[in-house]
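For clarity, chains are labelled A, B, C and D in written order, and residue numbers in each chain start from 1.
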Amino acid sequence: QRRFFRVIFGTESGAGKAFDLLLIVAILASVTVIMLDSIPELHASYGALFWRIEVMFTLLFTVEYAIRIWCSENRREYVTSLYGVVDLLSILPTYMAFLIPGAASLTIVRLLRILRIFRVLRLFSLVKEYAEILDVLRKSSRAIFVFFSMVIILTIIFGCLIYVIEGPSSGFTSIPISIYWAIVTITTVGYGDVVPVTAAGRVVSSLGMLLGYSIIAVPTAIVTTKLYEKMQGDDNRVLNWNCPNCVR
Amino acid sequence: QRRFFRVIFGTESGAGKAFDLLLIVAILASVTVIMLDSIPELHASYGALFWRIEVMFTLLFTVEYAIRIWCSENRREYVTSLYGVVDLLSILPTYMAFLIPGAASLTIVRLLRILRIFRVLRLFSLVKEYAEILDVLRKSSRAIFVFFSMVIILTIIFGCLIYVIEGPSSGFTSIPISIYWAIVTITTVGYGDVVPVTAAGRVVSSLGMLLGYSIIAVPTAIVTTKLYEKMQGDDNRVLNWNCPNCVR
Amino acid sequence: QRRFFRVIFGTESGAGKAFDLLLIVAILASVTVIMLDSIPELHASYGALFWRIEVMFTLLFTVEYAIRIWCSENRREYVTSLYGVVDLLSILPTYMAFLIPGAASLTIVRLLRILRIFRVLRLFSLVKEYAEILDVLRKSSRAIFVFFSMVIILTIIFGCLIYVIEGPSSGFTSIPISIYWAIVTITTVGYGDVVPVTAAGRVVSSLGMLLGYSIIAVPTAIVTTKLYEKMQGDDNRVLNWNCPNCVR
Amino acid sequence: QRRFFRVIFGTESGAGKAFDLLLIVAILASVTVIMLDSIPELHASYGALFWRIEVMFTLLFTVEYAIRIWCSENRREYVTSLYGVVDLLSILPTYMAFLIPGAASLTIVRLLRILRIFRVLRLFSLVKEYAEILDVLRKSSRAIFVFFSMVIILTIIFGCLIYVIEGPSSGFTSIPISIYWAIVTITTVGYGDVVPVTAAGRVVSSLGMLLGYSIIAVPTAIVTTKLYEKMQGDDNRVLNWNCPNCVR
């Protein structure tokens, strides 16, 4: 049981690494099959084959899930943890599809298994960078939340302005659609599906573009400063005592 | 009167926090109703209901406005302050709609009440980050203003160039429209509603895109530097005390 | 002569400031008239009026140009300077239009007078920020040039790839057009006038988007670092000697 | 042989610089000819001329390639090096076109010779900046790889969400196309060829836009911090000598 635990949950031993690599290949293969199955032409010719592969992968993941429960020291903790829930969600929909035949949208939930890759990513010792980015984002989350609430209020103001100026004849049929246009514009995505046609509307949208183009500086500045502070925090104390003259 | 003041304007007491939470829910609900009312399908079926809810919220905000005036120590100051004007503007349009029936665009002014949320945001102690961002933007406002005037002169130059090159046959029917195209291009929004079709026009617009793609670095650099300076400004004094001279 | 010089070229005296303000209003008014004249509807109804205003402004600027030459200490220097050439170019096209009637594109050159605003901008004491931004851009110009040559080589590679993959049937009729598409994609403008339709083309363009989305970090990093170095360069020496303990 | 080596591979001597300049002109001219040849109108009128110029350039590059092999000290090393392979690939397709007449796509490979410019870029002493940018990108490559894997997982999640919400009727005919849409949206390119039309789809895509708009801060922060650290690393030692201890 302990050996199983080390192989499946650990990454130190050779067998643990090999298991993780196998698992990542299985997850990617399974996700690829689900994606290919969604293409109408391929579903028509290979739908049955894809389904058989899918059932096979589900059985595999079910066995893995069972072993994980069996060899966990604290079983309840594993089952109720985020990883445990994702593991369950990635096998459940296939079984549900047997019981409720027409549940097409359920099969999509299977794609959640891509989230499982996060766990296996530990393998690459990339976790340091990954944890660093997440930590910086967490530290700047309050400032970014404030920035977002400002952007959302801006999009509401621009959305209402354009709704009053352009009106339903140009495609701005309601305030929610106008706010959708404002988000498309201020984030500089610019689909072009809803577009101002009057002179006043174009002036307002030009202002929105210039605003969106320049306020992108704010989250960048916040994250850069936080990341730099974090980096310096590690080196700073050493640097202050480091006069080559004095150390001698 | 004093107790009312503390509850309505303050955020320290428990009752003050509860009042602020209630108010934020009321504001968001009222804004949501106005937005939903602008969707033609919903207006057709629920227009009367929305109007009744709207009148109810207006009465609520009127009572709140009256209490605010009553319990203020300096009533004139409150009424003429930005918050006081926004409070008034968010209830006035509904009453005006009773007097002037056809004033559809007036109802939009009611959306101004979203601005009231800024006040209640104090609740979340987020004000520090919010004030910081505003302060950095204020400090870099002169540099950003210069940057903007450069961008606007660039858009005018690109707009005139494309107007001469492409001409009315490709949709560039006037210089203002060509400048609108230049703003859409340089801010990297790219709607695609007005697009160059000649070889020369595409070369010019490619230059505009590359320019717009790279000068975004300027406002980002300004805001990042100002924010970092501000952050360091707080820590600097502490850092200076780590003087190798003094530690001995 | 000296007094005229001080009023026209200087910004210190009250009369000099008033003259600069008048000039900036005249330039903006004149540019606005040229823009409005390019709108077909307005040209049809007010074309004659616009032309009369234009002639009036040209006479005004001619008088100003003459006085500038007359009161300059070194006349040749002024005439051959960039400002002198722009001043001449902003009045010449109107006179040329009298001689060669059909020279429509010549009238566009008049828009060059917007460049004259740069001179008057001195008024706002904004020059410090303006000079700072230009200085930082000049210092990072070599690095940005290298970055640009990398981006251009990338667009050529992506343009050739998509030309081979998509071919003329999807609108990629030649390599130059495919490179134009690559620039539109990598700079994240995304007009949508030329768009990949095959699966392979979409994979390639997705790679191009992700690349363009992330390498924007390079010029931003360069400009931010240079700007920060410049800012620190001014303060650094002071900071190093500034131990509050030691100064006593 | 040694003199040839110095002229062809070196950049110090006057003859070496002149040779490099000639080579860069030849490469750019040859690439331009290939591009112009791809335009149908020009190919129709000047196709034969372009082919003759192409053959001439190929002979020239063949002679250059032969001399390079001849004067290399370690011939095998040159031939198997990246530069040697690129040199060979840029002449081979033209000879292949004589043997296999219909190989249209092969001619594209000739465009690989644009890569040869990288070598000649040494001439401009720009290599320092170029090497610096590449070095910073290499140092931040792990963090950027992590960022990319996060972005790709995000695009998969958003792609699946929109596929379930919008479905084939709005153009989201398969999961791969929906992921393509998610990449177009999150990178803020926004072609507008596939666009959400339902209310729920627009809400999801708005979230995707805001996310893509703000997480661009992450790679920018990483590269800026790494570049700044690198810059400081060079100056730091000098800065440390300003120790208040030592100056006395």
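In the analysis below, a contact is a pair of C-beta atoms (placed from the backbone, for glycine too) under 8 Å apart; a residue touches a chain by one contact, two chains touch by 3 or more.
Quick caveat: nothing in here was measured; it's all calculated off a predicted structure.
Engineer: Which chains are in contact with both subunit B and subunit C?
Structural biologist: Both subunit B and subunit C are touched by A, D, going by the contact rule given at the top.
Engineer: Subunit D and subunit C are one sequence twice: same or different residues at the contact, by the over-half rule?
Structural biologist: Different residues, largely: of all residue numbers at this interface, under half are found in both copies.
Engineer: How big is the rotation, 0 to 180°, that puts the C-alpha atoms of subunit A on those of subunit D, in steps of 5?
Structural biologist: Copies differ by a rotation of 90 degrees.
Engineer: At what distance in angstrom does the C-alpha mean of subunit B lie from that of subunit A?
Structural biologist: 28
Engineer: I'd like the Å distance between the centres of subunit A and subunit C, where a centre is the mean of that chain's Cα atoms.
Structural biologist: Comparing mean C-alpha positions, subunit C is 39 Å from subunit A.
Engineer: Where does subunit A touch two or more other chains at once, residue-wise?
Structural biologist: Counting only residues that touch two or more other chains, subunit A contributes 147, 176, 188-192, 212, 216, 220, 222, 224, 228, 243, 246.
Engineer: Please give the residue numbers of subunit C that touch subunit A in the complex, ascending.
Structural biologist: It comes out as residues 188-192, 220, 224.
Engineer: In their shared complex, at which residues does subunit D touch subunit C?
Structural biologist: Where subunit D meets subunit C, its residues are 31, 34-36, 38-40, 105, 108, 111, 114-115, 117-118, 121, 126, 129-130, 132-133, 136-137, 144, 147-148, 151, 176-177, 180, 183-184, 186-193, 212, 216, 219-220, 222-224, 226-228, 231, 239, 242, 244.
Engineer: Report the residues of subunit A in contact with subunit B in the complex, numbered from low to high.
Structural biologist: Listed in rising order, the residues of subunit A that touch subunit B are 142-143, 145-147, 149-150, 153, 156-157, 160, 163-164, 168, 173-176, 179, 185, 188-192, 195, 199, 202, 206, 209-210, 212-214, 216-218, 220-222, 224-225, 228-229, 236, 240-241, 243, 246.
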